[in-house]
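The chains carry the letters A, B and C, assigned in the order they are written, with residues numbered from 1 in each.
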Amino acid sequence: MALAAASRGLLHAGSRLGRREVVDGARRFANKRVLVETEDTSGIAVMKFKNPPVNSLSLEFLTEFVISLEKLENDKTFRGVILTSDLPGIFSAGLDLREMYGRNPAHYTEYWKAVQELWLRLYLSKLVLVSAINGASPAGGCLMALTCDYRIMADNPKYTIGLNESLLGIVAPFWLKDNFVNTIGHRAAERALQLGMLFPPAEALKLGVVDEVVPEDQIHSKVRSVMVKWLAVPDHSRQLTKSMMRKATADNLLKQREADIQNFVSFISRDSIQKSLHVYLEKLKQKRG
Amino acid sequence: MALAAASRGLLHAGSRLGRREVVDGARRFANKRVLVETEDTSGIAVMKFKNPPVNSLSLEFLTEFVISLEKLENDKTFRGVILTSDLPGIFSAGLDLREMYGRNPAHYTEYWKAVQELWLRLYLSKLVLVSAINGASPAGGCLMALTCDYRIMADNPKYTIGLNESLLGIVAPFWLKDNFVNTIGHRAAERALQLGMLFPPAEALKLGVVDEVVPEDQIHSKVRSVMVKWLAVPDHSRQLTKSMMRKATADNLLKQREADIQNFVSFISRDSIQKSLHVYLEKLKQKRG
Amino acid sequence: MALAAASRGLLHAGSRLGRREVVDGARRFANKRVLVETEDTSGIAVMKFKNPPVNSLSLEFLTEFVISLEKLENDKTFRGVILTSDLPGIFSAGLDLREMYGRNPAHYTEYWKAVQELWLRLYLSKLVLVSAINGASPAGGCLMALTCDYRIMADNPKYTIGLNESLLGIVAPFWLKDNFVNTIGHRAAERALQLGMLFPPAEALKLGVVDEVVPEDQIHSKVRSVMVKWLAVPDHSRQLTKSMMRKATADNLLKQREADIQNFVSFISRDSIQKSLHVYLEKLKQKRG
């Protein structure tokens, strides 16, 4: 059975996580933090982030997500995946700062490898990926959206999307920068990254951070109709085309993956950075009361 | 006499094809498939595609086209060339699928080399190239337009332009992809290439696939006035600037030309691809029936 | 004292040029051709070009400018610099053709090295650079603007900005081309560079050559409020981000700096180019009476 196919590579240890249920006539492949809803007939699966309170990309979330994605990737039933959030008002708040604060270098190494893995798997996915951005999507939330083939955002001015790392005192990794430059161009990326800009839907659309903005209650029907259009293209030529467009950017990370990890670990271990993260985390705690 | 100058290189065998006539006071350099109209005073030549029914880029068309272009290139009388179609409603339908179906590897090799040669000669031309896109322009038709310094399209919603290879089950070559990315940016190219999108004039303009859209009956006067503006720039600085902009992209093909040919020949020889082309050609036959 | 810190490197010979005055409560660091106005409290310095009649980038101007910039760069008091003109109606007319005409190769070498140095220091500056383009800004004037983090132009249709080298029979250097492509994209840059286009404010804004156009009498207040926004970002993450965005482009020059100088010297020494410059300079003389 394809869904049960053993996952390979880095994250094989997690292959026991999956449980299968049948809910409302659809197969549901439920982990704790990523709900996978599938329909056999359409070839479409939906991955719903459910990691309260804000879908932070914790190490556990990343591990489950990549395993779930790999299963879909290896199951010929599925040709397209919709990424969306199961939590109201938040797509994903991005990297989990608690994984980056007060831990040891071995932990930082493991965490950053998992972040790289998430991006690589998504960016190079053979599946059609469409994101239904139904909530705020800063930093790592924006990262997941940027890897998709098409991005649809709910038209709610409270939601913003962007790479705001610089405002937190940190820097987006070069491969995410490359992905961003590919998406909105060099100049717009340079400005947005330096200023740590978060864009409401209308501005995100104008700049090309997202491809379409729709009323919030229509986002799931819209994302489905867009997916149908993408699935009308023969898989093999679409996949070869996608690979041709993205290979150079992904190779840029693959050929210096270790150096990128070392760079992250040494940066995040600095006293000044740990101090900034401490201040920020304390603020968050107070805010959440 | 410059127009009769022997053509060099790959395509020298075709140098006997040219016949010259005088028509309506203009010199006309007529092959079977490419009409070349020249005016001594303006420095402008017009190359009109005439390969019925749809200006397919057959091996013969490619050979004649490159020879004609080279003659203009070597004749100091000419500084600019207008590319347009002599057939109503079609600029060019692109590559000739009959050259890619049911032949042997030697033929595929010869054909792909000629396609590469067409692109290289156009993309690196010292002449100012302006296209008057007066009809549909999918795939290889779009390729020719993309090599130009300026693209003007007739405002007829029946005409579309784009690289629709993925819908035919094939993939645009990487160097055409590079040319496309240079023209409309990475994101727009990624989406358009994956979906095999063909754009009507207004959308093509908005995306930057073409530079200007004009009423169909004004396209030839417009293209001429645009050419005059380009010819106001000194040739030597314009040519050096053009080369600076395009050299890296062209070198990308030149340094792996053989590998690109091998890649094409092995791809097109696959049973699955041959089968797809067969189905498509049968459909075309019935349609034209 | 930081402002008096010895300047390093290529241009150390100029370190005696600076004189300091106190004017209107602000420190003013006055050379002959570049006025530097500083306010200790805001962290902002203003560099005003004052090289009549048209702020040409003479060798002396370049030398003074780079020394002044380096002093600001080395003084931790300052985090942002505003570039603007002290002369009415002209931001900068660009390279000084008199440095490129009728001199010897040693002079051309020295001059081009200083032009490269200007661009490198500006493009890689750790400071936030914002330009208040309050006058015409062709060629080298545009070069200075393009290195900034943000560009604001006065809304006066008499002012134009762009790289018009090709119309003068010369060619923009490849590194300025790279900077231009990063700013407005490959296609727009290819067209603008080939045609030597100069854009009035509205077109410059549309194309992305500048980021904002404001009424002429508001440009200095606007540039200041923009600077405040940029200075809200922590310096260290902003600087790392800026470096990540620009390093590859700057390295492209750094690794072939000598070849670029040789190329310039041999090009500018050609009889044909010297003749063109002579004709152009004579025209300018007559025009200025």
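Keep this in mind: contacts are C-beta pairs under 8 Å (C-beta built on N, C-alpha and C of every residue); 3 or more make two chains touch, one makes a residue touch a chain.
The model shown is predicted, which means the values in this text are computed figures rather than measured ones.
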**Request:** Determine whether chain A and chain B, two copies of the same sequence, contact each other through the same residue numbers or different ones, counting it as same when over half of the numbers at the interface appear on both sides.
**Result:** different
**Item:** Angular offset of chain B relative to chain C [C-alpha, multiple of 5 degrees]
**Value:** 120
**Request:** Please report how many Å separate the Cα centroid of chain A from that of chain B, as a whole number.
**Result:** 40
**Asked** Which residue numbers or ranges of chain C touch two or more of the other chains?
**Response** 185
**Item:** Residue ranges of chain C touching chain A (in the complex, touch as defined)
**Value:** 149-150, 181-185, 208, 211, 229-230, 233-234, 236-238, 240-242, 244-246
**Fill in**
Listed in rising order, chain B residues that touch chain A in their complex are 165-172, 174, 177, 185-187, 189-191, 193-196, 272
